[in-house]
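After this come two complexes, each holding chain A, first together with chain B and then together with chain C.
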Partner chain A sequence: MATIIEKGQDAVSSQIEVEALVTGCEAIAEAIRLADVDVMAAYPIRPYDGVMQAAAKLIADGKMDVEYIVADGEHSQFEIVKHACAVGARVFVGSSGVGWFYAMEAIAVTGGLRLPVVAICGNRALDDPGAFGTEHNDSLAVRDLGWLMPWAETAQESLDLALMAWRVGEDKRVSLPVAIGLDGAFLTHSQTIVKIPTQDAVNKFLPKYDLGNRLLHPDNPITIAPQVDQDWLMEIRRQNDAAMRRAQDVIREAHADFKRLFGRGGDNPFLDEYMTDDAEYVFFGQGTLALPMKVAIRRLRAQGHKVGLVRLKWFRPFPTADIVKSLLRFKAIGVIDRDYSFGSPNYGGVLYHEVRSALYSQPKRPVVLSFIAGLGGREIDQNMATQIFEKTKQAAEKGSLDQGDTCTWIGVRE
Partner chain B sequence: MATTEKTATVAVKPGEERLVSIEVVYRGIFQKTLAQRICRGVVLASRRRNYTGTAFARYGDSPERNGVPAKQFAVVAPTDLELEAGMAKYEPAVVDVSVAVDDTLVKGIESWAWYGRQPIWKPVRDNGFVLVTSNSTPDELVQQTDKAERPYTLAVVPGGASFAGLWVYKDDHTDYRVLGALARLLPDWLPIEDVKASIRESTKDEARVVSVQFGYDNVRTREVKKGEGTDAHEKLQFEKPGWTKMREGIIVEARKPGERNPFYKKYTARTLRPVVNFDTCIKCTMCWLDCPDECFEVTPSGHYEVVYEACIGCGICAQVCPVKDCIVMVDELKFTDNTDKFVLYDKQPDAYRQWFTEMTGLPAIGSDKPAATGGD
Partner chain C sequence: MAVAATPNATLPQIKGVKDVPYDELFVSGHRTCQGCESALVMRHMIKAAGPRTIVLGSTGCMYVANTTYYTTPWVVPWMHTQLGAAGSAALGTSAGLKVLMRKGKLPNEKINVIAFCGDGGGADMGLGAISATLTHKEYNSLILLYDNESYANTDIQLSSMTPYGAITTFSPTGKAKRLMHTRWKKNVPGMLAAGHPESRYIAAACAGYAVDLMNKIRRALEVGGPTFIHTIDPCPKGWDYHPQYSQELGHLAVETGIWPLYEVFDNKLNLTGPTRQIAEGRKKRKPVVEYLKRQGRFAHFTDEDVDHFQGEVDKMWEKWLIPGVIPFTIAEKDRALLRVDTTPLHEVKKPA
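Here is the complex of A and B:
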């Protein structure tokens, strides 16, 4: 049994890895401490505000030294860290739901400026109405804006992905902002046992933030973001694109290092496969929905069904090659989206359309089904898992779907 | 990342997940930290033999409202994999123990997080436990719980309701006594030695360990058979409509002036209830004006009567009433229903006066006499 500590109390001085019973938000606060973040900006909105409180407590208890700026709104919050990041500060920021949208102008330009801001989006349904539960459309709104987007399943993975985020985002080959998706409530507000790494180990993994000759400083006179017009913008976008493409290898590298140092992270940096070795069909999704689906898989396996799960860990950059390699082994893929794209090509989820597109160039493709489940934080229970399973299995047996039958809403009252 | 396929096949046979779920039902804000300490205490104690667990609050209860019933949970499992069956949920569908840290909660609970009024035993499994901190006996408490739909054991750990504020915690060892009592009820999951060792290690305070032992030693139990309990409490349940039935545009009917909300009543927030002495009332309107929930109705005689279905028991009316002992706050457990008492006063004033004295312990003084002689 590793040493259990109360919410990171002794983690600061500990020379061995310790355990703490913490929420996903508290695990992120531990990552902020371990990454020695210089500036964080805060503005309350649930579920992100759990990080705000946990970080404030670490500062108040004298366990963390970070410039903690409470902004007058999310827009300022994201502007503050963007600017701090340009003058060489390692930064952290975050929001949720409509707060995330209020910051959108600042979020939209951060990718182009190539500033490695690390943010969490504590996923929350978009108001109105005032729903606090998890839905992924808030994070997904930035999917085309040059942000890296990992998604966590557990509090442990939240901490681990945050450390990865600074490492990958700040890497000179990448230099892009990172938005970590954390499911509201299930992850952000549930306490589980989390391993808190030592400072020494983190220092080995995470080099100091260094912007090099892009540092905004009187000794290095530069102007960031001058006015440009049609003569310049395509080239800027193309640079952004090249950085995003390079990120794949940097993530692989960082993941290998992380695994070597901390012994966690699974075999593939982008995908977490569960009981797929002999699977005929799989569920596909991201975030905490993997938890009830894994319980379902064990239950279904006991009945003799060859079913598994592939969980996506990075939505951007979308790991097309890994996905193709993995998913071509199966007859049918049931993509479960905790989001929806109104009026999209097949009236389905965002993730579903991405997976389908990734597989399109393959001569022989599995059947891909779209399931919309758990919107607004609705729990995905075992009945719903069974419905998803049955439909996926049928499609696998038939080898195709009927016209217009690509997307199924699960657990919606008629 | 947390689990791999390999541990899956080694640790658990499919479909054999074992876990234990405990809920703590508490008064919002006032007992939030207490509930959290109990739930964390359960998980940390079970960690001593390498079990794992999760502790969380019912998300929809937050932001908590003063006194409104809320829930927190602890789920413990032998392995990470088995614990998955208890994760990514707002609350366990079935619990082994429901802990009520204020005994007035046994009358049923209505919260922000769910619809309707639930019996305290609602999620408790067959032959599970309802554990109450109370100075009443199990027999007395059964009188106030909803008629049991399945058998359970009612357990009482001695002590009153421990109330604190949002920023303070009343460290009166209630959490340790409850943890001790839980060890008694769930010896296979929470051995008393583990609980004591865990508390000893985290607090380095023997007095707290003694409180754990006290809870363990002094818990009293009583089996409750199917059908035992009261059916005097209101059934407050709703059907949620489907998407084809709901109004479009996120619209619900508003209440018309004078109408009260039939879907959300709030009275289970009450630990004390105002009882009005209509004889001494001077009809000054203060209670009617200041009640934050607009509970008072004006009677034809110009009195102000409390609609108990709407009253949260905040005590403001008793504070603003200028007449001594005209509005008296009385322990909610003394009442068995919410019926309005002005009718009784109107029809049989003497019967009402007798009832007033019985409930408040104060003499009912006629309006012709000054109130100053009322008991304190």
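Here is the complex of A and C:
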């Protein structure tokens, strides 16, 4: 597991915050330990399963007490934690790529049941053909189903967002499941230094999981999810909608507490801005693609270009007001999608459509461009970043896109 | 209103009809068809298990027709689970209760966990998850498969538990094909008992023999670990007969030898009810035609079809290694080697 940097310190017993060299998966495993998770269910698929391996070792070493169930498939995995969650257990689960899709029925009903299951999706390209690397279409398939969806950039943010996930998801005003996006390989399996908070601090941040009068127990003999038909389904869907609307404020509140207790998280819970103060045009994306784009920005800034990056941290709930406020400052937005939406308007990526839709009602809008890059875990290199930059700059100068200029695929052999 | 916990509650075997608990925990409010034997299984199941029980119901008749918003028939806590998820629901619920009690987050007491599924959910889609659950011996749960031999809730479609030749909406009879469905029914309890040696209790039952069914449920919950019970449930709509004959058809399924009643308790087989009487030679197996001719789903059968059906049931009783339970046979020369005694039960001399 983790290499503890401070000699002689054990993260488990430490009263002070320690630093450890860990992968994104191992950072999540630390969050599982700190959150005192009760039940988790594992099934192997790369790359998310690194977290289950790290957690298994923590259990084997006696560092945490969790019912660790190795399931017979992803559908069972997600059903097991869903039902454990209904009897009052704090739970963790996860998957990747086609495994995430194998669990899809269970994922859909968990949103409907409003059970605060916390999952990671170690983002991976969907078969066929096979590829291990990052693509966001696995996570994005659940975007309409009532799951909160934060996306991490670093191992530190993985740990932090996991703690946020239980706090926000389990909040009675929200009570929704959370799917944390972690880019496969780039984040799940890359080591960086991570600050591991103390148990005391986490206890202050994370209240005990309490389902209240929704607990399934003989002392509270309720019937959960009976057949409702057209008589009641719309009212119940509307409650999910209301919970998702309330989630924005709950995330803000949790983020403020997190910052106060741990001193991390940035100014805005939803957006991470990089060199945007005087920027004329920005890149927009989520996950680890921020890293090569930040390198590009430093290089382009040295050449005098006023370019920056806005990284989205929560895809659901989509922070429309924050995005409008941020992006109206710029002339052009180059949205980089590590996903695809075949046959969609302008053949653009999913994130592009969300951003464009969020800006539509504004009287004066920046030009929004769609780029698809880095599919299947292909690295986004500096040449690709330059191409994205040049096209975005041109659009900013012109103030519009040419008729018929649709989404651009970056770095594709023709 | 919750029923108070009785610490260290045990579930003793029921001695007879007069000994059956009075309390009804499955009450009015459901919308099942007249003569629905599966609804009776639900009633007996929860009567036997008592109030300190959580029931998980997978999609099927006993969800859609049985459990409606604002008119739930369940006095005990109940939760829906997905069609193929009875095994996972049982496992997750049981694991959650176990860890919460260990960590002191819930009061420590015995809470029964029962997950039910139909034949589609259990024998088709959910078989893998049930199999997995039966290997997790540290979690207490009972999976109850109520088998009405078709996807009855969705319009009577063929399942792997539909008997040979039966008409369903996926296997109608027609001019070119008299029999659309020619697969023999899966042997689920036998398969699960053979493949899951650490499950301490697996049984086949029928609500027509109510006390036998309730006792099997109690024994399954008492022995702990993951357990499994499979009931055969006559279905007026799917089998096409008058609702008043459900009990009678259940009896006939057993008396013709089509559905043997048994339990495998700590890996020991025990035949129960009329099945034991047949095996001991105290009762003669009735011809299958008495069962088949009572149901519209076999109305297209010719004598040849009936003979085939009878032949297969005869094989179950005369050729199978364990009649009605383990379907393979053993070569004569290997019988001594494998220490298999094939003497019929009724010829075994009881020690004086």
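As a convention for this text, the second predicted complex is superposed on the first by the 405 of 414 C-alpha atoms of A that agree within 3 Å, B and C clash if a C-alpha of one lies under 4 Å from a C-alpha of the other, contacts with A are read in each partner's own complex, and residues count from 1 in each chain.
Keep this in mind: a contact is a pair of C-beta atoms (placed from the backbone, for glycine too) under 8 Å apart; a residue touches a chain by one contact, two chains touch by 3 or more.
Since we're looking at a predicted model, the values are computed, not measured.
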Combined model on chain A where chain B meets chain C, clash or fit: fit
Using the superposed model, give me the angle at chain A's CA centre between the CA centres of chain B and chain C, as a multiple of 10 °. 90
Contacts of A:I69 with chain B and chain C, given as first, second, both or neither: second
Tell me the contact category for A:V109 with respect to chain B and chain C: first, second, both or neither. second
Taking the superposition on A as described, I'd like to know which of chain B and chain C A:V81 touches: first, second, both or neither. second
Considering only touches as defined above, state whether A:E157 meets chain B (first), chain C (second), both or neither. first
If we overlay the two complexes on their shared chain A, which of chain B and chain C does A:G404 touch? Say first, second, both or neither. neither
Considering only touches as defined above, state whether A:D128 meets chain B (first), chain C (second), both or neither. first
Contact-wise, after the overlay, does A:D231 reach chain B, chain C, both or neither (first, second, both, neither)? second
Please work out how little space separates the C-alpha atoms of chain B and chain C at their nearest point after superposition, in whole Å. 26
Chain B touches which residues of chain A in the complex? 1, 4, 6, 19, 21, 23, 46, 128-129, 132-133, 153-154, 156-157, 160, 183-186, 189-193, 264-266, 272-277, 288-289, 291-292, 294-295, 298-299, 301-302, 313, 377, 379-380, 412-414
Touching residues of chain C toward chain A in the complex: what are they? 2-3, 5, 51-54, 56, 63-64, 67-69, 72, 74-82, 84-85, 87-89, 91-93, 95-100, 102-103, 105-106, 111, 128-129, 131-132, 136
Chain A - residues contacting chain C, complex: 36, 38-39, 41, 65-67, 69, 71-73, 75-77, 79-89, 91, 105-106, 109, 208, 216-229, 231-232
Quick check: in the complex, which residue numbers of chain B touch chain A? 1-5, 8, 12-15, 17, 40, 43-44, 47-48, 50, 52-57, 59-60, 62, 81, 83-85, 87-90, 202, 240-244, 250
